[in-house]
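Each of the two complexes below includes subunit A, the first together with subunit B, the second together with subunit C.
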Partner chain A sequence: MTAVLRIEDLEVRFRDGDESRLLIDRVSLELQRGEILGLVGESGSGKSLLCRAVMGLLPSRKLAITRGRVELDGETISGLPEAAMLGIRGRRIGMIFQNPTSHLDPVMRIGDQIAEGLRRHRGLGRAAAQAEAVDLLRQVGFTDPPRQARMYAHEFSGGMRQRAMIAIALACDPEILIADEPTTALDVTIQAQILRLLADLRRTRGLSIILITHDLGVVAQVCDRIAVMRNGSVVEQGEKRALLAHPQHPYAQALIASHPSLPQEDAVGEPLRPHEAPLVEIDDLEVSFPAGGGLFGRKRSTKALAGVSLRVGRGETVGIVGESGSGKSTLARALLGLQPVTAGHIAFDGAVLTLERARTLARLRREAAMVFQDPFNALNSRMTIGETLAEVLRVQGKVPAERIPTRIGELLDMVGLERDFAARRPRSMSGGQCQRAGIARALAVDPTLIVADECVAALDVTIQAQIVALFRRLVQDHGLTLIFIAHDLAIVRRLCERVVVMQHGRIVEDGASAEIFARPAHPYTAALIAAIPSIDPDRPLGGGEAGAISETGLQQEGLTT
Partner chain B sequence: MQIGRRPMLGFGLALLAGALLVALAAPLIAPFDPIFQDGTMRLQPPSLAHLFGTDNFGRDVLSRVIWGARIDLQIAVLGVVFPFLIGTAIGTLAGFFGGWVDAVLMRIIDVILAFPFLVLMLSIIAILGPGLKSFFIAMALVGWVSYARLIRAQILVLKTQDFAVAAESLGFSRMRIMFRHLLPNALAGSLVFVMSDAVLVLLGGAAISYIGLGVQPPVAEWGVMVAEGQAFVTTAWWITVFPGLAIVLLAFGFSLVGDALGDLLGVRE
Partner chain C sequence: MHRYRFVLLRPLQFLPVLFGISIITFVLVRLIPGDPARILLGARATPSALARIRAQYGLDEPIWTQYFYFLKNLSAGEMGRSTVFKIDVLPLIASRIEPTLALVLTSVLLSLLIAVPFAAISARRQGRAADQAIRIVSTVGIGLPPFWLGLVLILVFSVTLGWLPVSGYGETLPEKLSHLVLPGLTVALSLSAVLTRSLRAGMIAGLASDVATAARARGMPEGVVFWRHVVPNALVPTVNLLAVNIGWLIGGTVVVESVFALPGMGQLLVRGIFSRDYMVVQGVAMTFAVATVLVNFLADIITVALDPRVKL
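Our next item is the complex of A and B:
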């Protein structure tokens, strides 16, 4: 095997006046022809920046390569003038990104966007380029390429947009594809399809791929070699199986140990308690959103929830899982009275929200609290953590005013933050610290019920593991009832004794975690579980033989096309 | 704040502080009475006795520029404060409550915006009678619309964000959510706008005075001075250039501070 891309001793610095910071610290990597290299690390580890440096696309003038070089096929490409890089970018190294929506032109047909690259880089005529574009769409798994080539980005689902991005990157027949978190924004079943597509492309085209991801499960499934990055340097690299089985560097060990797909000895699996007095009762709940319909037209609406019934007992931890658009967040908001209900009933500890709204809301506000997905957005950025907590304590009035400062200290202790965080603002804190502060704010209510909506989705894996551990401790120590909404089944399995699976606004399965993960009864649940990328390379992605999942997956996506 | 690391902010603040100092100390530092006419000293070019020269009535231009700072700062500040307060209150209400409150307020804004800004200003001043007081009232009646629209748009975005939903789920009252959580976050954009608006108001005030509806002669105001010197621009350039320069410097100070505020408050993030 020959190295198609070689990064030697690369160093990138940020310089602004006298200030100089090392962002990429003497990284050396090689990418062999036809190889998939997984670049793993948490946010801020420099993995995306490294790839941008390779492409000559450093995001600011204050960043510069200060040492080392990049070789493509034996030729040095670092430091080439912009004009020469134009011939390399796209033509020889293609790139795809995490969020296909913002990288596709919304007013240009998908086929034209692919053809544009073909005409510019390969000099094809209009008709030939169009024909080639249709063929590329077929290769990346579009079902009806001639028709779909004439459609716009907004008419496709997230998975199909990512396929379109890949088609655009492939248009110039590059030798190398850099995929920057290509599946992070996608649902698990769609993620499995995209990963399979990348593996297929490597096989059929001999493409070399650098796959940037934070999920070790993803690299375990599709990569040949893994490089683990932290704080701008590669701390360990090696063949996938060897590295996963015997990680040397302590950080790589921690990263592997915190992967949620690993079986947990202490996984929660105790039998369900009987719901003698359910805390939350939901009957036949229906929520619709208005969807268009003008002043004179008939009002139309889409159903986010259709006939959902759920009982949650005191002290239970219930995980609600499902892909985006399945209605799980709507359910959470409706149950806390934050979302108008179209039909059905919601009762909290005997008080029926839909009948006695004011009284039930008053109780919900004092006994239930919510933890949100985006830890930064969920906190008021103009207030310190101490002010945020103090405000909740004052409004709730459960703690006498003179005890408030002490209580703030206790709350910070409970979520594992140093007490001096009371004086800090969200912007000076990391995502994990903000999420802890968000949990402290929920605990300030002294709630019986906490609803956590995707509250670890935006966090790095090692931080996710910490937050999950924190929730477990809180549930055990304080007898909280927890409704934990997530699209990540592996995390739910770690935390919740009961799982509720939602699809298209309905509950399709509901039962004990251990039972559902071992013997899923509904095919959708089975598909979800099979699509979790396992960290064990010998447990392939579900539906590898294009079985039931990818069929249903494609059909679901077909709905939007 | 690290002004030292933001030279532009430092420069802008220095300009504004300089204007304020000149305005406050006008009686002390002005070498002559700004409205005293000396018939023997008409249209004198800049000299040691009259650093900025004299105008066609023999008044000292330097003294008039110094005294003018009082009036012009007042125009820039008061002409912005009232629209800002009114617009912020109305925009917050419209954005937060939505529904018919929003619909009614927005239609009122549409009506005001349907007329050209200056035409509306002129008709209000014409009704109230010329003078600085009328100018401020007209500004308050017309100028609030931009602030209202700005704040409303911010509130509309902010109220769907998680921290606002969180505030609701924690049992906070509407007043608390509106004023303690949404408004402080919405203000950043309009604070920056205040600075650039101050520039426009300053020029607007000069324009209104120029056509004789604002500050009345012989009071020294930069806009009036530019207008009066206009006829002599080819023969006695100093009459218009120095007050014009003063307007430019003050405007420059406001916009530098506005820019730096935008960076500091993260408006462009």
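Our next item is the complex of A and C:
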């Protein structure tokens, strides 16, 4: 094998006046022809920046390559003039991104976005480029390419948008594809399909791929070699199996140890305890959203929840899983009285929300709290953490005014934040710290029930592991009831004693975690579990082809028109 | 299918809006102190002459009866009879629409011709000298009162340089156009200042957006990235800003038409107010209101054409 891309001793610095910071620290990497190289690391480790440097697309004028070089097929491309880079970007190195929604032009047809590169790099005429675009859409798995080429990005599902991005990147038949977190924003079954597509493309086109990801499971499944990045430098690289089995660098070891798909000896597995009267009772709940139909149009609606019944006992930890659009967040919002219900009953500790709304809401607000997905935006950026907590404590009135400062200190202790965080604002805190503060705010209510909606989805794996550990401790020490909503099944398995699986607004399976993960009864559950990329490279990725997944997958992937 | 239904049915929603406007203009006009009959006949008119005029124009009726007649006339496409011009208001307005419409169109066209290139230069050279200069000019432009700006333009281009006519409108098309340049520029300079700022902000956001990054990553040169991906996305909010400002602009023509002696609706409105010509004031105000509503309707349609995500 020959190296198609060679990065040698590359250094990228941020310089502004006298200030100079090292962002990429003397990285050397090689990408062999036809190889998939996994670039792993947490947010801020420099993996995306490294790829931007390769493309000559550093995001700011204050960033510059200050040392080393990049070679494409033996020719140095770093430092080439912009005009020469235009013939390399897209033509020889293609790129796809984490968030296809924001990277696709919303006001340009998908076909035109593919044709744009074809016309520029390959000099095709309008008609020839359109025909080629339709053919590319077919290759990446679109079902009706001539029609879909004329559609816009917002008319597609997330998975289809990522397929469209791939088609755009493949348009000019590049030798190298840089995929920057291509599946992070996707559901687990869709992720499996996209990863399979990338592996197929490598085989059929001899494509060399750099796959940037924070998920070691993804790397273990599709990559040949792995490079682990931290603080701008590659701390370890090597063949996949060797590296996963015997990581040398302590950080690589920590990263592998915190991967949630690893079976843990302390995984929650104890049988369901018998519970007294349930804390939450939901009967035949239906929630519909108006869809379309204007002032004069016929009113239509989509059912987000179609008859859901659920009982949650005191002290239980219940994980609700399902793909996006399955209704899990709607269920949580309805339960807390944040979402008007169409039909059915919700009762909290005997008080029926749908009958005595005001009284039940008053109790919910004093006894239940929510932790949100986006830790940064869920906190008021103008208030310090201390002020945020004090506000809740004052409103709740459970703690006398003179005790509030002490209580704030205790709350910060409980979530593992230093007490001086009381004086800090979210801006000066990391994502993990913000989420701890969000949990402290939920605890300030002194709740019996906490509803956490995708509250670790935006965090790095090592931080995820810490937050999960925090929840486990809180549940044990304070007898909390926890409803934990996640699309990541591996995390639910580590945290919750019971799992509820939702699909299309219904509960398809409900039972003890250990039981469901070992012997899923519903095909959809089985497909979800199979699609989790295992960190063990010899346990191949399921999902995306046979049986139940093709049915659910097609529905998920299907066009929304 | 859905789109056509919107175009056909949306105007029905205008009816309550126009009904509300008719009440407001009708009442406001009558709140202006002064008696139309006395202004018409002069200070030494006899009481019987005053009474005759009042009866002739229905001004002696109770106010709700007058309003009822006003509505009745409106629904029949009539706007009453002017007390000053002694002819029906509708043909009067019709004869004055052209200069005003031409002025508004010229202003919008000129302001776009100014705003788009200036915003583009500004956004692509963000923070540099050209950008600073354009930002200062557009901030000053927002602050300049049109009547003053109009007079300065007349002084420079008509009186000193003698390139363009001082005022009036003209008969033939070239004459009319030459008369429209200065008033159009007067309005356009303040309007383009607002548009430049909005477009610049949109373009700067667009240049830093993921869409632009993705286009660069597939080897598009900066010019293509800008004009094909950034500009179309930046235009969408600007269309709505323009629509909001056209309402303001139509009101602004009153001042500009006076400065440049353009025989348009703005001038008619001013004369109507001074002579307490209720019918003319009502008629012009209603026409302005209908125009504003129509412009916003048009902007909605343009927005849909520009942005496929917007559902009607």
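The working rule: the second predicted complex is superposed on the first by the 548 of 561 C-alpha atoms of A that agree within 3 Å, B and C clash if a C-alpha of one lies under 4 Å from a C-alpha of the other, contacts with A are read in each partner's own complex, and residues count from 1 in each chain.
Basically, a residue touches a chain if its C-beta (ideal position, glycine included) is under 8 Å from a C-beta of that chain, and two chains touch if they have at least 3 such contacts.
These numbers come from a predicted model, not from an experiment.
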Please indicate which partner A:Phe97 is in contact with in the superposed arrangement: first for subunit B, second for subunit C, both, or neither.
-> second
Who does A:Pro182 touch here: subunit B (first), subunit C (second), both, or neither?
-> neither
Figure out whether A:Pro260 sits in contact with subunit B (first) or subunit C (second), or with both, or with neither.
-> neither
Partner chain in contact with A:Gly38 - subunit B first, subunit C second, else both or neither | neither
Could you let me know whether more residues of subunit A are touched by subunit B or by subunit C?
-> C
Figure out whether A:Gly46 sits in contact with subunit B (first) or subunit C (second), or with both, or with neither.
-> neither
Partner chain(s) touched by A:Pro520 [first = subunit B, second = subunit C, both, neither] = neither
Partner chain(s) touched by A:Ser381 [first = subunit B, second = subunit C, both, neither] = first
Pick one for A:Pro145: touches subunit B only (first), subunit C only (second), both, or neither.
-> neither
Report for A:Pro278: first if it touches subunit B alone, second if subunit C alone, otherwise both or neither.
-> neither
Same subunit A residues contacting subunit B and subunit C, which ones?
-> none
Complex interface listing, subunit B residues touching subunit A = 161-163, 165-173, 176, 180-181, 184-185
Residues of subunit C touching subunit A in the complex = 2, 5-6, 9, 12-13, 209-211, 213-222, 224, 228-229, 232-233, 236, 306-309, 311-312
Under the touch definition given earlier, write down the residues of subunit A that touch subunit C in their complex.
-> 55, 57, 59, 82, 85-91, 94-95, 97, 99, 102-108, 116-117, 120-121, 152, 154, 165, 168-169, 171-172, 292, 294-297
Subunit A residues touching subunit B in their complex are 333, 336, 338, 362, 365-366, 368-370, 372-374, 377-382, 391-392, 395-396, 438, 441, 445
